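Here it is, the structure in full.
Per-chain numbering from 1; labels A, B, C, D, E, F, G and H assigned in written order.
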Amino acid sequence: PATFIDHQREERCGYPEVIYGLHKSAERILSASREILKLKTNVLISRINQEKANILITEFPDAFYCETAQIAYIGDFIQKFDSKLLIISAGTSDESVVKEAYYSALAFGLKPTLIQDLGVAGLHRLLAYKDELSQADCIIVAAGMEGALPSVVGGLTTAPIIAVPTSVGYGANMEGVTTMMAMLSSCASGLSVVNIDNGFGAAYAALRMIKTFEKK
Amino acid sequence: PATFIDHQREERCGYPEVIYGLHKSAERILSASREILKLKTNVLISRINQEKANILITEFPDAFYCETAQIAYIGDFIQKFDSKLLIISAGTSDESVVKEAYYSALAFGLKPTLIQDLGVAGLHRLLAYKDELSQADCIIVAAGMEGALPSVVGGLTTAPIIAVPTSVGYGANMEGVTTMMAMLSSCASGLSVVNIDNGFGAAYAALRMIKTFEKK
Amino acid sequence: PATFIDHQREERCGYPEVIYGLHKSAERILSASREILKLKTNVLISRINQEKANILITEFPDAFYCETAQIAYIGDFIQKFDSKLLIISAGTSDESVVKEAYYSALAFGLKPTLIQDLGVAGLHRLLAYKDELSQADCIIVAAGMEGALPSVVGGLTTAPIIAVPTSVGYGANMEGVTTMMAMLSSCASGLSVVNIDNGFGAAYAALRMIKTFEKK
Amino acid sequence: PATFIDHQREERCGYPEVIYGLHKSAERILSASREILKLKTNVLISRINQEKANILITEFPDAFYCETAQIAYIGDFIQKFDSKLLIISAGTSDESVVKEAYYSALAFGLKPTLIQDLGVAGLHRLLAYKDELSQADCIIVAAGMEGALPSVVGGLTTAPIIAVPTSVGYGANMEGVTTMMAMLSSCASGLSVVNIDNGFGAAYAALRMIKTFEKK
Amino acid sequence: PATFIDHQREERCGYPEVIYGLHKSAERILSASREILKLKTNVLISRINQEKANILITEFPDAFYCETAQIAYIGDFIQKFDSKLLIISAGTSDESVVKEAYYSALAFGLKPTLIQDLGVAGLHRLLAYKDELSQADCIIVAAGMEGALPSVVGGLTTAPIIAVPTSVGYGANMEGVTTMMAMLSSCASGLSVVNIDNGFGAAYAALRMIKTFEKK
Amino acid sequence: PATFIDHQREERCGYPEVIYGLHKSAERILSASREILKLKTNVLISRINQEKANILITEFPDAFYCETAQIAYIGDFIQKFDSKLLIISAGTSDESVVKEAYYSALAFGLKPTLIQDLGVAGLHRLLAYKDELSQADCIIVAAGMEGALPSVVGGLTTAPIIAVPTSVGYGANMEGVTTMMAMLSSCASGLSVVNIDNGFGAAYAALRMIKTFEKK
Amino acid sequence: PATFIDHQREERCGYPEVIYGLHKSAERILSASREILKLKTNVLISRINQEKANILITEFPDAFYCETAQIAYIGDFIQKFDSKLLIISAGTSDESVVKEAYYSALAFGLKPTLIQDLGVAGLHRLLAYKDELSQADCIIVAAGMEGALPSVVGGLTTAPIIAVPTSVGYGANMEGVTTMMAMLSSCASGLSVVNIDNGFGAAYAALRMIKTFEKK
Amino acid sequence: PATFIDHQREERCGYPEVIYGLHKSAERILSASREILKLKTNVLISRINQEKANILITEFPDAFYCETAQIAYIGDFIQKFDSKLLIISAGTSDESVVKEAYYSALAFGLKPTLIQDLGVAGLHRLLAYKDELSQADCIIVAAGMEGALPSVVGGLTTAPIIAVPTSVGYGANMEGVTTMMAMLSSCASGLSVVNIDNGFGAAYAALRMIKTFEKK
């Protein structure tokens, strides 16, 4: 068969295998979902477009689907952790990425708050949320273009920061490569970075952190 | 003056300003050190070569200096946090990077353990440390060449993983750019990545996490 | 005429000219196929989409076509060699590439076995096939994203390994360029690499090896 | 002869030809200087190292030379324009670049003020100079690493901003290419950018602006 | 909400927030427009395609829209500044970019003149406009391919020059990256550069300059 | 107006302005054609697709159009030069490029011969045309993939060679960038190279050579 | 300790761990050599310069060292395999790479023949060795610049071909990256490629093949 | 032996094998020179530094050597062709490249004229040589930075133009890669381009042209 589900992933890595839908047919997504649901009570599917989602929903009518986030989720969203996860973005155009992070976090049982459009061209917008920044246990910061927001946030807080470069921009932005390289070169210390548009990965990094430390 | 020390950085970001020595003259490093020591009891200097370190040590004879790590530290190493920080590398050639992470962590008051040369070409070496992996609260994984080690570690543990690409390799490795891009593209979920050879940044990311969660 | 068939290629290189369909019109593919079939009993066409394949099948109704692999084959699949060719992939998403390798190998008269979805994020999946790995005479390893699988396989076996980077991934993956560069930088010794998504080329490299050594 | 001095450049472009010393021998620099001084009363030489400068000074003992800026100037610094040119940098490591801008501006007859080390990791440093920012007629902003400073300045002021990426950083910084690309992708509107480390060019852009508008 | 309008931007940066339409839905564009029009009398929208513009025009039937420039503007075009802004292009193919600059400038209250198709392959075309060049207070120069036009203009005038690389070209042009890099490497001194195809940004840079200097 | 036809181009550069259709609307192409035909008896249009060509042909029913080459020509093809121009390609997939060169050459009055599919994987195909190679006065060599053909031709002949990289290939071929870079790095001396897929430019380079030398 | 020797590598991968000397101090190389020699009778060290080799030879006076190849070997060269390994290069400048391959092959117990300077600019040189080509069981082909040689060899033989790009060239060659990308894009089928200048890896790929097939 | 001289190259390609000295030892250069001089009366060596040249001159005291051009020549410079080869450069800094072209041309028996420092920042310098441009049979145009000069020359003349990008510049110039890409993207038709700094290759391209056409 084309798929070999990793049924022990939750035990080892903290969460069951997530289906990456981008390069898969609806049929492959469906059979992988059924396979995972044999042993688990829910399944998360990332990068699934409306067309494939429609097919999924035919079989699983209660499935959650967000087109902006390209995320589907079969099962209940149940909060399992108390740490405060703050997700912020630089602009409205980053919406799909922060929503991927937000719904992934919900699926993981985390407690996320989402605040959008706080880019550095209008600093007062970010500064209006100083309390949220200082109370957060973990901050996911998504930005496109020059990717300056995580650096500024990094200079304002002690919390762990996961920077998500987005592919928002054009020309010299190189479909987010410039943003990513800029974030990796940040003058603010202790930022760490995930792949371009990888809201899912950012939420997972938060899960690793929160699960490990809350467990203690 | 050329330098404007950020004296509130510890309050905001969890650690005082660290001097980045690479593009600075010994003189600039010295004056910045003196400036920081007016208000703080210790100062960390990264990317400082032997020649500049010698000048520093003339004025501060008790300063710690590790040439492999290119790190100098004036002050006492005092452990302030209990979480287990595991630092591992893929090969002996990554030594300078993991030592930069190690001594930075010591300076931050963290409790690091360093295990080197666990690359995936001989998997049994990593598997011999399964206990250390599963007990760690945070894992820094440095690797050069194709940068596969963090993916494998990511598939074995729940702990937060900070991947550090190193510039070890040649040709297609592109001085670590390939390693970095590979780590950002990892099939293991929830890794986050810092700049090439940035052992310091990895340790700082660990500090943000540990300081935030231990404080709770 | 636009096409000059190299009728001696089998004698020189071990297999007749294969038609690369990507940039050719259906008409050009058809006339080249007819030209080759004047002197040979079969013809292999790679990178041919469904639409062009339909036209081909109108003229050659017995032709084999696999849309996933984008491969067409006119003639019989006849096994000519006994060596064990193992083809493995890291994920379900790599399916089109390993199927291109698989059907090319069949057309070449090789004896391929295909096992999919053995990526390093769940190492036990690969380790479950240790016997297959150690008995193989040649291993084709396809992977996308960070391309770690060939390094791990390289550390487990003596057999020749042909690594195939796939364009599965996004962002820092750079449509497979990162995967390819990573495989070329592998810490495991003696891997060799073919072009991104080049399942056909990997199978041909296996053919060169097996034909040369079995002939002895 | 190897050099063809453009004696009308001042009339056309606002300033006589400047000698770009990087790829020229001391001898070529000397003969070009003599040639320019036949018709003009001063000459500016950029990218000239200490060794070549020493030879220049033997012939022109009153020449000004700044090693940090790699700039030599034969003649008097005479202020000709009243507009306020503010030059700021993100870090001490950018010193050579802002000094190249500063001394070029002095040679051009501009009225520059230089303030260093105002990087976004400690925003209060920049905000302490809000008055200088709002009173400036033109602002040159130099930064390395992720190059976020011009975006933040761009969000705080109406003045024209010339962003200068510096090659300060390592790894993903790509010797300033990332910084440059980031600045060109800025979310703040109306920034314009010059080449990496091109303090001279930034000052010249200021000269074009100030000379044109003061003349009116 | 997904959008957080920066209502103080005009006071700080000289012009109200402009809506960047490329990655936004028609609905997001509409709600942001309404939000801005609560406090301002006009709104500028860049990178908005015909389809989204149609929806906008349904609500704001008097809105201006230029498909070539992908610009929409709700409000009156009122000239507020007297400085001469000259906008020139190298070829007919650059039309969309210079029109973006032209209509942005009109919306900003500037006084732009547009002359197209003056590329260096037929120098007499540019030289026919020597008067316009020498009388301009600011020149925006757009070019694709090798981007030579700004260098030639830079050698003919004292005025400030804002170079706009366009994505016109193919192959080695790299969708305008080559043009942009070439402009940044210009042998003519004092050019400054904006992002590829960024006519809007060039006009904004002109606004910063003209507003600052006319105000004096 | 958007277009400023360079009516003296033939006198200066040997051939009237050619309309580059890729980024132009049918309407712009038509008006430029009419403008050129006011003073010249024919006009060449490159990179014009079938749809735009249809509109052109409505007005100029005698126009020549080749969809493969994306070339339109209004006027008569009249041979004006006697030198032998040989155009060869490595594969059938390069057809559009060599046809662009071929029809451009015809329009220029040159005497081209076209031989396709002589790639180095079957050297005897090229060697079968040794006479044509040695009698040619100028050779255009188009190849995609690794671009080896010009090097081999360069080692067999004295004639001037214009190498045309094509975008035929995938993955590591980088849409022809690899081919182009390889040709520029050729071990055969005295090759010169034009842009990727630039059959038109190659023919024009031949025109410059032949026109200059036949005129003598 | 910094080094964790993989003592089972020979059993798993066909040859003991080889010490990669490039980023290691002489001291680290020495201690790793001693560690390996505890269990094995010989040790191979790659990328070791003259200075480090001198220190090695002080302790192991019988060690073999070739400065051109940057290879040291402690132990006896004993032939263990009968297959014919042909190593060829395009030019004299590739000497260091083919010698790295040659001495690695000798250390592995293979039977290599080395023929240099057979580049495609003078095809008769390669054709003079047609017998050697057709009798070889495996061919390593090293070339720099445009890397055309493996394609030509690939079109002449059935044997497995391992292409080694070298960093010989300048400018567009990009320190061998162009060569590598070109080889991966070869029009000849079934070539596989190793890293730039990786003579060692090519020999190891030959070892995997020969060891596996001779064992049968 | 490491070197296999191609003694028939003059008969095939118009000039005997030239020794590329960059990656060769003095010893290899010497033995290749001796080998060529067995059958020919002169030998050209490119990219040979002063140190290696000194050793060459010890054996061949009459050898010509130009350090700027890094060219050595053993034999007499004898003019064999009458066509006018014009070599021009944009700046003094391009001197080494145009001198490489100049001395190569002399060695080839061509009749070159060299005019330096005609860059587009001061157009009148080029226009002062309009007669030389219009009388030339072939023009080599070297430029660094943005590489605009060939485009301007291309718009002024009918003669064949060989553009040579030089590595003069910094930052965005990417060591000449930007210049090269820009030249390949020129808006002037019919330019052809050689590798970065490849003055030798440009002269050889001129030789191919002139030899072929003068022979007729």
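Everything below uses one rule, namely that a contact is a pair of C-beta atoms (placed from the backbone, for glycine too) under 8 Å apart; a residue touches a chain by one contact, two chains touch by 3 or more.
In this text, all values refer to a predicted model and were calculated from it rather than measured experimentally.
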item	value
Given chain C and chain F, the chains that contact each of them	G
Pair joined by more contacting C-beta pairs (B-C or D-H)	B-C
Chain pair equivalent in interface to E-F, over half of contacts matched, among F-G, C-F or D-E	C-F
Separation of chain B from chain F, taking each centre as the mean of its C-alpha atoms, in whole Å	56
Between chain H and chain F, distance of the C-alpha-averaged centres to the nearest whole Å	26
Centre distance in Å when chain E and chain H are each reduced to the mean of their C-alpha atoms	42
Multi-chain contact residues (two or more partners), chain D	9, 12-13, 91, 121-122, 154-156, 171-174, 180, 184-185, 188-189, 195-196
Touch list for chain A against partner chain C, complex	1-4, 6, 8-9, 12-13, 17, 20, 22-24, 28, 32, 165, 167, 176-177, 180, 195-198
Residue numbers on chain A that touch chain D, as the complex places them	90-91, 119-123, 144-148, 151-152, 154-156, 169, 171-174, 178-189
Footprint of chain B on chain D - complex, ascending	91-93, 95, 116-118, 121-122, 124-125, 168, 170-174
Residue ranges of chain B in contact with chain A within the complex	9, 12-15, 18, 83, 137-138, 154-162, 180, 184-185, 188-195, 200-202, 204-205, 207-209, 211-213, 216
